[in-house]
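Structures are listed in the sections that come next.
Across the two complexes that follow, chain A remains constant while its partner is chain B and subsequently chain C.
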Partner chain A sequence: MTTRYRLGGLSRLDTTLMAAGAVLLALLLVLPLVASPLVVDKLTLLMIYVLLAVSWNLLAGFAGLVSVGQQTFVGLSGYFVLRLVEAGIAPLPALAAGSAAVLVVAWPLSWIVLRLRAAEFAVAMWVIAETIRSLVMFDPLVQGETGRSLMTLNAMDADLRRTIVLLAAVLAVSVALVTSYRLLRGRLGGESQAIRDDEEAAGSIGIDTLRVKRTIFLVSALGCTVAGSLWLASAITYQPRTAFGINWSVFMLFMVLVGGLGSFTGPVIGALLLFAIQEVFGDYGSWYLAGLGVVAILFALYAPGGVVGLITGRSLREPLSMRKTLVAPRG
Partner chain B sequence: MTRNTNITRRRFGALAGAIGAGVLAAGVAPRAFAASHADMIRIGWVGPRSGPLGIFGEADAWLTDTFAARHAEGIEIGGKTYGVEVILVDTQSDPVRASQETRNLINGQSPDIVISSSTPETTNPVADACEAAGVPSITTIAPWESFFFGRGGKPGERSFKWTYHFSFGAGDFAPLYADGWSKIDTNRKVGMLVPNDADGNAIRAGLIPALEAAGFEVFDAGPYENMTADFSNQINYFKQSGVDIINAFPFPPDFPVFWRQAAQLGLAQQVRIMQMAKAGLFAAEMEALGTLGYGLCTGAYWHRDFPTTSPATGLSSAELAQGFEAAIGKQWTQQAGAQAALLDVTLAALVASGNPNDKAAVAAALDTLTTETAVGTVDFARGPMPGIATTPLVNCQWVKSESGPHDFALDITANALAPDVPISADLKPYRIGG
Partner chain C sequence: MTDIANVVIQGVLLGGLFAIYALGLSLVFGVLRIVNIAHGDVLVLVAYVALVICDSFSISPFLALLALIPLALLGGFAFQVGVFERVDRRDPLVPMLVAFGFAVVIQNGLLLLFGTNPRKLDAGAIEQLGVSPFPGINVSVLAVMILVIAIVLIAIFQAILYRSRFGIRVRAVSDSEENARLIGVDITATFRKAFMMVMLTVAVGAVLMGIKTNFDPFSGASRLLIAFEVVVIGGLGNLWGTLAAGIVIGLAQMVGASIDVSYQTLAGHLVFLVILLIRPQGLFPKVVG
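Take a look at the complex of A and B:
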């Protein structure tokens, strides 16, 4: 007699979490109506962090591609926005188009870097980030170190601009969460996790590893570019050393490592944590950065599953897990 | 990835609690109250006070206290007496943080005016945040060209509505040097050491032709990358060209590397004037160079011998330097006067506005403001661009201090741009060891 197994569905916890997340995001959409500018500004930053963490986790947690060069896309989107605005396009469309334009760079890039493995990939991404920064700094518009400001955004009423940026950020996070959830729950999720666990084996059972990795790479790059545009829209000042700074990668790494590498909820928790830590300890300057490093090391050593791992313990009942579980029929 | 963790959930909770308690004990941003009145003026002062640029902000807390003490009775403007509150915010030398903290300051503390200083990496993000939020801002100590053009200003147009800047400019170097280098006999051959960065490219395009027009023969060693470890090519080029003068615009940490190699390769022994810009502002940099530092030349935007008084603090330049040394416990720096001047312009703008709580009135007052400050007269009406005022530079030479207690003293050797400032010593040809 054969037993028919089926793939496990969503648990009650999962559906509750999803509903709560949806309600929360919907609340954030109406928040600018009542909240002070300070709150709106801070929430925008939080949304940018969530977006970055989710993008990085997609790459490192699900496809096993550890990159320390995702700032390439953060910096490039800002640069493209500046160029588009200089060409006479209104700032808001330019912000959207600038993000999309980065894919023109990311796509050919993926052909090269995705053939590299592990550490080589990480180093290559960093080198690429630095190279592109140097190139951008040659543009007289950016004026080397000095950078450039997106002054045309100031033509807009400050409150309106803040609200639009927050709404765009909330929207971007919602899209990022839903898209990555659907991607990962589907065939691509299984394939990418197989590649992460053993690329040779995944290839040998017929997975087109390059295609899977490229899809994930591009989606992740898009997340970073949107974060970069949102950042520029809220900060206005563009300085290449900052936009292409390794700090973006450090923050992404911290959020994902502490939140829970390879879990769906981990990066969101990590972003909340980083945001809270920054709010509280940000005034301590270099000590705060050193503290971030220590926390990340402690997590890597003693809690490799991050906060999500600590909560679920060994039960493997991870909320919104992307693991495929088999359920035996009753009886 | 299923290693057992040693931190249980309960212990993690306890840890989190302990961190939370520590947080509550942590202090808030320092601020100085001059007086508590029904009507208050709130000044937000954003600047680098820690990190690599921290030395630029050393005087800030002391100047704020001095300013607050002088106006303890409040400031009378338009028949009303206002209390003053200065909120100090630290950028940690990070442009991202400068932008974020300025927005937090504006949204959280609603200052009437925001002021900021030192390097375009500080002034530009701060001014951008103020422009975006519609809060008047005054900034200083960054070449005005970097501030104006770096933020997308268009010549002749009123590019910014809320942000004002006063500082020296890159265009001042040519007349400053032409005067300063004529003080001793040289072959008028100048070696230029200019990196491939924004300032460097502006200097290459502007200063070199201007020096040639002034009758100097210029030998440009070509653009190089910041943080270079080997300057032997440039040094050999300067030696072969037989230059008597070297003019360097290095990223500050690069200068000691260059000058040590120049001494090893025999260039320092040949040169009569070593003129630095960007580097060499602080005695601390000279002390790091040791005996090689005696005789180096640098431009200065303030000096203790300036015949000026800071109205905001009530201190003369000499008193500012003394006060700085007494309060900080270190040798005075140019920042003591420069930051006092920032407070001077701020106070003058608030008074001239007639209503310091009206942001539009403060900005309107700044449009045509003329005031005396620790660095000299600041005149926005005459500025090279709308919202920009220029202040002069003098040329100085670091020499071995004869009276102590510090190793180095700064002599004023040329004053063509600021004839009111007395020359305190003749320029001496460079000689290793002073």
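Take a look at the complex of A and C:
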């Protein structure tokens, strides 16, 4: 007689974590009513970090595609928003449309870069980021190094703008978390993790590796573009050197590596950590950045599983794991 | 007409410098199977060390190279033993992330020590020395020298990799680390020696870069991208292909610069992306056998 195995479900810890996450995000939605403008701005930044970390982890942790060029999408969405506003579209719709417009670039890009081997993909993305930055800087609208402000956005009531941006950021993070959870728990998650572990083997059992990688690439790109739009909406000034800066990649890498590459909760923990470190040490400039590098190296050397790996250790089950576990029937 | 000829000559000569940048990256990539994202930053770091040596002893950068090469080899060895051999290499992502961490540390460390001002190594009169074989055609002696050094380095490396027993071991490890271990190749020793070769190219490349171009703490990224483009176009493990690819990118940059200086880097990137689109395996893929 055959034993019928089933896929493992959620543990009590998992459901508690999900409920706690939902409550926290809901609290953030009502926070602008009571919090000071400074707090609202900081929380928006935190949400942008979470969004970036989740997007980068989706790509690197679940599809094995390490990119040091995701700033392409951060920078490009800001540029598109700027162009749309210049064309006479109101700032808020422009912010939304700008994010969507980036996919028009990301889709054809995916055809070029996803054929490359993992290591080449990483740096090729950086070349693309630099190429697109140079091209954007030729646009007189951007004014080269000086950059340009979103005047119409600045004309809005400051408190109203802050509140709207934070609400949009919280919404974006919620959508990103729920979407990536559903994607990863579903068929795509199994397929992408198979590709990450061994691409040839995954292909040989009939997985359309290019389709899976492209889906993940596009979802991740979308996350970065939304983060870019939100960042522009809270910073108002657009400077191509910052928007396409390699520092975005440094932050994404730090958050995911320190939080826990390839775990669901890791990037969120990493974003919280980066945010906290930045609050305390951010004023130290180069010392702070060099420190981030040192911490990232130490984690890569001694705790490649990040904070999540350290907490879970070997024995405990990873919280909200995306691994497919088989459970034997009772009795 | 002479304008075009000058652009072509400058482009070809610039290719020599790019090939030297790429040579070390190609070895790390081909043998150790790591894209060393910190390659450009290491070049810049070593160029700063050269600057300190030149300034403290008031000597020519070429003379400084005598001290720089052993220093670079020693530093490379320390890094290899202290960090790289401790990295879990089963997952190729981890070494790449470590390299990225080092890139950030090097950039910001140099910024703290030297500030943002662009620096240059002063090689004296040779920098301005030029010959004019035909009326209107100008050739920089320094640039010719750099190309000759590139050719000599590549010839030596080619001989080591394809004519010596050590070269056989390196290529065996490059093809399959597991199989090489099975037939008794000492992987660690092979890696260490290969990394010494890499650091030699870095020391030479850093000095030539410092003489030919300005550098600042954040110049590493642009050098890495050039080296990477050359390696991909040239085909991994194909050293003469690396030289040819260096010349392709050099020509692209010089043609771009002849239209407008701000097009120089962009032209190189665009040519790279077009080649990637048409031939993802590079222009000169590795010869099998």
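We adopt the following convention: the second predicted complex is superposed on the first by the 330 of 331 C-alpha atoms of A that agree within 3 Å, B and C clash if a C-alpha of one lies under 4 Å from a C-alpha of the other, contacts with A are read in each partner's own complex, and residues count from 1 in each chain.
In the analysis below, a contact is a pair of C-beta atoms (placed from the backbone, for glycine too) under 8 Å apart; a residue touches a chain by one contact, two chains touch by 3 or more.
On a predicted model such as this, the values are computed, not experimentally measured, just so you know.
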Partner chain in contact with A:124 - chain B first, chain C second, else both or neither: second
Touched partner set for A:304, first chain B, second chain C, both or neither: both
Partner chain(s) touched by A:313 [first = chain B, second = chain C, both, neither]: first
Touching partner for A:239 - first (chain B), second (chain C), both, neither: first
A:23 touches, of chain B and chain C: first, second, both or neither? neither
Contacts of A:146 with chain B and chain C, given as first, second, both or neither: first
Partner chain in contact with A:115 - chain B first, chain C second, else both or neither: second
Contacts of A:286 with chain B and chain C, given as first, second, both or neither: both
Contact residues common to both interfaces of chain A (with chain B and with chain C): 286, 304
Chain B residues touching chain A - in the complex, by the definition given at the top: 1-3, 5-7, 9, 12, 23, 26, 29, 50-51, 90, 92, 94-97, 99-100, 103-104, 106-108, 120-121, 124-125, 128-129, 131-134, 146, 149-152, 159-161, 196-201
Chain A - residues contacting chain C, complex: 60, 64, 66, 68, 112, 115-116, 118-120, 122-124, 126-128, 130-131, 134-135, 138, 246, 249-250, 253, 257, 261, 286-287, 289-290, 292-294, 296-297, 300-301, 304
Chain A-touching residues of chain C, taken from the complex the two chains share: 29, 33-35, 37, 83, 86-88, 91-94, 96-98, 100-105, 107-109, 111-112, 221-222, 224-225, 228-229, 232, 262, 265-266, 269-270, 272-273, 276-277, 280
Chain A - residues contacting chain B, complex: 36-38, 41-42, 45, 143-151, 153-154, 158, 161, 234-237, 239, 241-242, 245, 247, 262, 280-283, 285-286, 302-305, 309-311, 313-314
